[in-house]
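Look at the two complexes coming up: chain A is in both, with chain B in one and chain C in the other.
Up next is the complex of A and B:
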């Protein structure tokens, strides 16, 4: 879908028209706004954030915090998902806790995380990890339940123990669904880390947005905002490409004979 | 104990799911190296019987013995070939890695595996296809791959559940002959489930017919046809034709 979007030039018509219209509007209404900036000023703002180092520093901070939090959420969530996916007792013991804890919005944990860890990376990891833990937990559990029983039988017939069964059969069999969980969680990690930075943590792209807004620089703010959008789109684009590469051979009869 | 030499022994085996009786009073024994074909209409419980011998399903009453020992769980000495090769093969593993699976399970050192895998793939006519994924192989080749994988277990008993049911007639005949050759080489005991009377007669030393609702043994006959069997001469053998007619009439009577 993304490829089709990139190829079809018609998709660019609407956004380009909006940009041109706003540029023209600002040309005839030369006001100085605290909240809006014409596209040409946003381009200058972009040059500004790149040259003063804001761009690289905040991007690195946000991506690092998001990735580290995601990693923690992924390891804990997948491990938990395997546990409750395979052991009925674990599922029963945890079902109430999961139902009670899962609805807590991750951003509601910002004050608690701030109290515990103070400003900096650690409080951000914690909130991102919390947010991404749940999709990994739930989707891993479901992915394991949806594995074809035939494969489970095959692993029993071969005489595999429980660990080989998990690592050689079940996790690879569930891999396409686990990758979907990853894609979902990656998007979520970016949203949550930027939110944490806007609300509390003085670092990263979210904080950059706040500083631009508070210093009445809508040009810089919009430049960062557009960059956050591009970043999210690009990460998802590459994940979709990787997904296609990784799992193409699983579709029977779709690949030409080598 | 005389029973210890019997490869598969079923003693008054019954199976019910709740009030639903699937199999009742099944008693039969299979000698080592014997090729037994089980036929029956769908729903007669022939696959269920195979699953009980494999150790995937415990009987409600009675005993399943392999070489005199009760079956409690699957063992490596018994390999299963399923009809649905597409579901039984691991789609993310290339052909050689699928055959490697039982070798990994038995703890064979990884440096000894490639040679064994090449031998097995060559044996089923898949030499040169080592690096293909199951999804890149035809149905017949996928079933050959599953057979190679089952042989990697070095089983003394092979349980085959309508293995050629999803293949076209030509491929089916080729694979029938290959299976006969492979099991004769290794003197493997075979429990072969099918719904095709001719296939059962062509392959088996014995044919056991199941009656339905609940599944029970209707008929158990020896097939005194000479080996090695041949697609033309065996199928034209007067005894083959006589037995085919007899089995046909029996199956008709059962399902009337």
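Up next is the complex of A and C:
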């Protein structure tokens, strides 16, 4: 306990020192106040974005777009992953296509998505879905390949049909690895949605950052930036905790190789 | 990974051709408007024309150049700083929590800050590429240093190695696999940020090219640009995978 306390205390010292140093630096160099802001003004900026509603609105827009895109990517990716994970022919038929399409950076699709859907949620869903589709596809395929062969044999012996085999035996057995895929994809969906908003889509936290910058409000910009950081960190933190709770007892080696 | 057995190649290429045929069919039957989905033939023609007569080649080179420059700079910075932090347990205890907090931050979120500081220009884009591409390699390097075999640390004490000697004789060689894994991720990040930077600043490059193609409804040019960006990703991934194997051959 004291050890953990000492650890966290040391972890806080560095960022606090940086904040204090920047505050002091700004006392002597107030010239840059249009582009950068000292911590004290960032706190005021945070109050500002909360009271004028920007905070809730942009957070909701980003999280909603990320979640919906993630859902599409998850359904399509997991279904595809089950297909190529179970059918060797499907795997061999798709391997070259997957290798060709997967390296296309998601941001390259921003102009295409904009052309197809215009501004708004739909273009963001599309890009997030594309980005999250691949980890689900690949990790589901790997997860299914790692399932104990005996489990599958037992399910065949018991006369399970293909659907009950997939939903009752295989997906539960692959659950820990699928959850890891989900955790990675959730992080990715937030990154991609913020990126889409910064590059093109006029809504959400990313656009909020751009507006704050363009209107020369570095206090609001940094407040939003720190919030984006906290959001990304917190989502990952809780998913790691849930992952540990749900699966640690079942597969002791999971954390080591995940 | 693409497998190199005859039947696998036949099936893999067959699948790819089937996908192209499907694409051709969808456009031939006009199931999706050509404004959004050009035919494969039109895309290939746009690609060929763009590379031979148009600006696609210099634009591709500009994007690759931005990506590689930023990646090399980021790798250098990451390995240097990562070694300094990684070699000292004290530095790790104080600084690593902050780094872990910053890691999930979308690198693109730093773009507005970079615009404030540098303006909308090539330096800003390079700065963002470097910032984003630093993290995977930095954390990889620190991880590699933190997990040096304890007996090697004891040996270095017995030999009374200085900290510098420990870094380049034991720490860095041990961290090479982690550093390379980080650098591979960094390269992907570098490509993404180079494109985002181009989308925002209209610097010469494929990002700008695809944005202009989309704005003027030149769908074939748009798809040609996207294909080229995919090729850059594919070639750089494979190039690094091969380099990894060569460099790590002594380990196995």
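Descriptive notes on the structure:
Definition applied: the second predicted complex is superposed on the first by the 240 of 258 C-alpha atoms of A that agree within 3 Å, B and C clash if a C-alpha of one lies under 4 Å from a C-alpha of the other, contacts with A are read in each partner's own complex, and residues count from 1 in each chain.
By definition in this document, contacts are C-beta pairs under 8 Å (C-beta built on N, C-alpha and C of every residue); 3 or more make two chains touch, one makes a residue touch a chain.
Predicted model, so just to flag it, every value in this text is computed and none were measured.
In the superposed pair of complexes, A:241 makes contact with neither chain B nor chain C. Using the contact criterion defined above for the overlaid structures, shared-chain residue A:145 touches neither chain B nor chain C, since it reaches no partner. Once the two complexes are overlaid on the shared chain, A:36 sits against chain C while remaining clear of chain B. Number of chain A residues touched is higher for C, counting chain B against chain C.
Of the two partner chains placed around the shared chain by superposition, chain C is the only one that A:97 touches, whereas chain B remains out of contact. By the document's definition of touching, of the two partners only chain C reaches A:10; chain B does not. Within chain A, not a single residue is touched by chain B in the first complex and by chain C in the second. Residue ranges of chain C in contact with chain A, taken from their complex: 1-3, 7-8, 11-16, 18-19, 35-36, 93-98, 101-102, 104-113, 115-117, 188, 191-192, 195-196, 199-200, 206-207, 210-211, 213-215, 217, 219, 222-223, 225-227, 229-234, 237.
Contacts from chain B toward chain A in the complex involve residues 54, 56, 73-76, 78-80, 82, 84, 86-88, 90-93, 101-102, 104-106, 131-136, 153.
By the touch criterion given at the top, residues 7-8, 10-15, 34-36, 89, 92-97, 99-101, 103-112, 114-116, 187, 190-191, 194-195, 198-200, 205-206, 209-210, 212-213, 218, 221-222, 225, 228-229, 232-233, 235-236 of chain A touch chain C in their complex. Those residues of chain A lying in contact with chain B across their complex are 148, 150-151, 153-154, 156-160, 164, 168-169, 172-173, 175, 249-255, 257-258.
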